[in-house]
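Encoded as structure tokens, the structure appears first; notes follow it.
Chains here go by letter, A, B, C and D, matching the order in which they are written, and residues are numbered from 1 within each.
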Amino acid sequence: MPKDVTDVICPFCGTLCDDLIVTVSDDNKTILGVKNACAIGAEKFNHQRLPGRVQRPRMRQADGSYKEITYDEAIDWTANLLVKSRKTLMYGWASTSCQAMSIGHEIAEKVGGIVDNCATVCHGSSLIAIEDVGVPSCTLGEVKNRADRVIFWGCNPAHAHPRHMSRYSIFPRGFFTVKGHKGRKIYCVDCRYTDTAKCADEFIQVQQGYDYELLNAFRTAVRGEALPDFVGGVPKEKIQAMADDLKSARFGIIFFGMGLTHTMGRNHNIDIAINLTRDMNDHTKFAIMAMRGHWNVTGSGQVLGWQYGFPYAVDLSRRDQARHQTGETTSVDLLNRNEVEACFYIATDPGAHFPVDAMISSSRKPTVTVDPHINCTTEISDIHIPVAMVGVEVGGCAYRMDNVPIETRKVVDPPEGMLTDEELLTKINTRVDELLAKGGA
Amino acid sequence: MEKKITLNMITCRTIQQGVGMEAGKTSQKYFDACTIMHMHPEDMKKLGVWKNTNVKVTSSVGSVIVKAVETREDLVPGLAHIPMGPWANRIVPAYTYSTGEPCFKGFPVDVEVAASARIMGAVEVLQDACGLIRK
Amino acid sequence: MNTVTLTVKNTPELFLECENVNPDAFAGKKAADIAKLGAFQGKEITTLGDYFTIAGEAGATAADTKIVINGDCTKMKYIGAKMNAGEVIVNSTCDMYTGSWMSGGKLLVKGNVHSFCGLAMKGGEFTIEGNAGNYLGAAYRGDWRGMSGGVLRVKGNAGSDVGTFMIGGEMIIEGDVDIHLGTHMEGGRIIVKGNANRRVGGQVVKGEIYIFGKINVMMPGYKQVGEVSLDVDGTKAKFAEYIGDIGERHPKRKGETVYGKLYMKQ
Amino acid sequence: MSEFIIKNGHVFDPVQGIKGDKKDIAVKDGKIIESVSSGARVINAAGKTVMAGALEIHAHVAGPKVNAGRWYRPEDKHFDSHKKPGMTRIEGGKSIPTVFKTGYEYARMGFTFAMEAAMPPLYARHVHEEIHDTPIIDEAALPVFGNNWFILEYLKNHEVENTAAYIAWVLRQTKGYGIKCVNPGGTEAWAWGLNCLTIHDPVPYFEITPAEIIKGLIEANEYLGLPHSMHLHQNDLGNPGNYKTTIDSLKLAEGMTAKNNFGREQVLHSTHIQFHSYGGTNWGDFESKAKEVMDYVNKQKNLTIDTGNVTLDETTTMTADGPFEHHLHGLNHLKWFNVDVELETAAGIVPFIYDPSNAVFCSQWAVGLEIPLYAKDPMRCFITTDHPNAGPFTRYPRVYSWLMSKKVRDELLNGFKKAAKVIGATTLANIDREITLYELAAMTRAGPAKALGLMKDYGGLKAGMNADIAIYNINPDKFPSTGPEIEKAFANVAYLFKDGKICVEEGKVMDMGHKKTFWVDAKVKENKQVAHDVKEKFLRYYSINENNYSVPESYAPHQHIIAVDATQ
């Protein structure tokens, strides 16, 4: 009899929807259907049962082909590489559990790794801004229960966080927001008229790369000072009207995304948006939140935070100290500058998401990639170690974009004999210990 | 005469790219979602390119062949969009302004029609750049 | 003053952390002792002697010690970082953190420097004959205390984020600067003799910025209040005076609001 | 397990009334016993001070805001994130140490238990993940209730039984220890940008006052008979003239008696009372009212307090008192972090520099010392720095040096740039009292253990108790005379026994111990109303499902569950 697993947590994006219902086969091996998930989340579960999934580690041969090897061989190869390399980039972590990360960090501390997560090419800019000026924020339930002004700035949840608007930000009725969408005014600021903009009551089209200037203009307008006629292509009357309307809010929230983190000025765009939010709190209640994209990238920042005090780009290469400097210990910079000797990728795919020059640099170093599936990175790595899918075939803790942790659920068994991230890392850790005890480094 | 226009490029998420990513990086869904460049109709006219025709996009760091499509989410003229993925990243400058964050959005590209050029696969486009394809 | 001469004999494969190359670490040491000071490439612990030929001996104190470095230092970080006194001359380009957290003495780099140099500098003189990278004289991440004293001069261009969170001291860039100049400044002065790209003086609380060339895009939060004749680093000229960043908070002194000042050479 | 005999040490144990007598302590299988076999390892404690392991009653050491404070302050640990010799991990952070440093540093100072003072229930999993990763010390966490919608609604109608049933449910879901109440009503008001500055200010929409919340939570606590009392962070923290509100709040406990099986006598613990003992009307005429507050505390036997000593450091303030942090940011303009937590609470963080050249900060320092020096019953007054708010917990040895030596504190007081102003605004200069080692043992061991309901096993050295023992390099007959010497002795135990194992030796961490998570499982009568309300609130207002709310067993693999039965 197929059965339903309820309250399943979606392991795709930072929205961490926790109301999925997954139907699984009697033998716990196959997913038969997914309810409540968005198109992307459903695809994630569907991927689990695709035929042809790689089930054992593979090693790249001289002719470019891959040969199956045992887990033990892969673990030994990886441990040797880590022990030998003077400086190793250990990047990824966003699609695995906090428990697995913790073991990874222990390894990094022993072998001199630099632990970086997907924030580095996503909301790293936001983290820099928060390091610089803090952030007034809230949990997503606060938005649902209280927000009467919602601003989407440089983010497109309709595409990137498909259920965000219905669960938290536009449509839901909450305790003080019984009218749902009707009681909220939705703004969208973007350089494109996105599908999110189509859901908004008001769209402000900013010239690409002028967000900092426009936010500066908003801050100036909130203080009641004069503005130039146009800022970033937006007429001053429109800026002033929106500033006044935001002041009349009871509870406002700004959601922002990679439209701010990736464009010119990067962290400064967020920094000034945070400062606008801070200013608004002199008039009413306002919050701001990063639309964290990658499922548990927030969790990686949290674990690194409590273990080392930095949210990403944590340089443990000296083994006796932890350091952090974005622009130096961030993955793309390390690869651009050829500052590392080896790469260990886990639970992410830099091959698809890093600029090509960084990956060319990476491809010239010994590389291990740990991922449930074949992806771009696995195909330029020396070794690909497949593992169980976290949040589908094994549970573990994950953090939502508002830093709320949720223990994810195992839905089905992984393929026979396949290790989880935690098991694999534990074995690598043990092997590293053995090598170090023998004077391996 | 070979026409060339310069556009401001942004690389962004799309839901199709998300679905494709989860279907697998080697899947047709991913390929279909990410090997396109959204253009404004005016720019297409300026370049003299028909909808769904391959173009060569060149930035300061390299070139990639993708298919020009008329955008569904409106752009302003002069702005172009390739969904995130190894194709887009073939042309994304890796310079980070010491923030760790490369130039994913807002870099100039030259676009020219390349109707008969072939679009590479996801793995191929990366392996090719890394010199891992044996010719 | 005693002089120690370091000549690069091995170029590091990765980047070498040279936090021990400064007069404070050398003070009171002979060449052989200096050679034993640590140098680091990731987890590999080596010594300065592994990378440099060392001649001469240091003075008894940092103030009595001069260090001259010859050879290629492109892949060397932290040269002169945290120096309190004495003199360092580098006849090469250097990497990150050169002269960062320095509080005294003289540091001269006869090439370029990479990013994060002169970070949170407190005092002394730091001169770069070539170009500087990003975050010159800025604060370390998260800190609100950037460059607070001393003089930092770049004869070439500088990158982005120059003088972020600057609270004192003087910085002169003789060439051009990239985006985000003096962001979050709360004191000190920055003089740019070339052009500035965009986002000059964003979120400035107080402090002074002088631009001799052009600014690509002016921040909306700046307002022209007049014109003044000034002598700036040896140049006498008329400057348009702006106050800003109007969007930012500003302190009050004797009932008057204190703004940041931006001067544009006419 | 091995046996130990700690020989010839000067023992200080308020539980048994031992005041520095030479006495041997026998340890076997994690417990203190009467005597051990001849094979026991001998620890020579001659010329040393022996006390029970210390208990931290109030610190912010694990959870979402602590961690935000860590990672948003890279500058707090740049150049200060090193590995020390021994089997330790890298230790980072000055004002908000990483979990590793937190565990090691407490242990090095002789602590074996720490209470995380504010756990937002929605974030309980995070709190427990950090507790799990913190080495050596036992820990527990207090969920916050003072602004929780369930509580506000039940107490509006004075439904104590429902309040208690809901609290019991939350304790089980979150593996929590007791009832924390921060700025009652004020934090809910903060969700609209407002605050409750007196205990009679109504909470917007909920039509209840802080006074009703405080009283109701005390009643619910005693209804359940929890090991700890209601733990209160009062309204109007940190403002001149707030001592009146402080005493008004304390008065709410008058006439109430503790009902529990743990030997606890207080019904209300008022935390970091230093921040609540201010007179004056502004920062100019700001003055100490420590005497007034302590006069009241001294005569009310059903109260306990902790101090919240300002240590004059650069630190990081963090509290569930969201409006206070916003206010503080307005004063110093340093980076402000805020999180409002749906239906439950909020938290704010602002870095803060208690600059010793500023008269107000120095006066706050003096108030913090006056409080314990005015305390008549050291079993009801505990030393804290409200870590990291008034200063990092790693400064305890320094705080002890000020309390134990008039000379040491007077040197500092008289050396302040604004000494005259500080002396005028406070009474510290006139206090001659020096806290003795015996009193210190009460203020840091026996007292907090009793207040937490742990006196049966912790806080003393009586046979049968848990073998958590700190041995300091302090000869009471030749008590160190300078501040640095006192500090050094308290910062580096000669030995720390945790559960009968040596975890620290001469300040060096030797063993990770057997770390436990304490929580309270309170059994209540089946309550359909509360079950219904929980279901309803999760369906309609929470952003996560009820079934994903609880803390799984795996987060606290070594749990020490204290069972309470309130069904009778």
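In the analysis below, a residue touches a chain if its C-beta (ideal position, glycine included) is under 8 Å from a C-beta of that chain, and two chains touch if they have at least 3 such contacts.
This structure is a prediction, so every number in the text was calculated from the model and none was measured.
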- Tell me which of C-D and A-B has more C-beta pairs in contact. A-B
- Query: Could you name the chain whose CA centroid falls nearest to the centroid of all protein CA atoms?
  - Reply: A
- Query: With chain centres set to the mean of the C-alpha atoms, which chain is at the far end from chain D?
  - Reply: B
- Measure off the straight-line distance from the CA centroid of chain B to the CA centroid of chain D, and report it in whole Å. 57
- With chain centres defined as C-alpha means, what is the inter-centre distance between chain C and chain D in Å? 44
- Message: Can you compute the centre-to-centre distance for chain A and chain B, using the mean CA position of each chain? Integer Å is fine.
- Response: 23
- Task: State, to the nearest whole Å, the distance from the C-alpha centre of chain B to the C-alpha centre of chain C.
- Result: 39
- Item | Multi-partner residues of chain D (each touching 2 or more other chains) | 72-74, 76, 78, 335
- Query: Do you know which chain A residues sit against two or more other chains?
  - Reply: 128, 131-132, 264, 319, 324, 326-328
- Note on the structure: Where chain B touches two or more other chains simultaneously, the residues are 97-98
- Message: Quick check of your reading of the touch definition: is the inter-chain graph here a line, ring, star, complete or other?
- Response: other
- Listed in rising order, chain C residues that touch chain D in their complex are 139-144, 249
- Note on the structure: Residue set of chain D touching chain C in the complex reads 72-76, 78, 333-335
- Residue ranges of chain A in contact with chain D within the complex: 6-7, 9, 18-19, 98, 102, 106, 109, 127, 130-142, 144-146, 167-168, 173-176, 250-251, 278, 281, 284-285, 287, 301-311, 316, 319-324, 397, 399, 402-407
- Note on the structure: Residue positions on chain B within touch of chain C in the complex are 97-98
- Contact residues on chain B for chain A in the complex? 8, 10-15, 18-19, 21-26, 61-62, 71, 73-76, 79, 81, 84-86, 89-106, 122-123, 126-127, 129-134
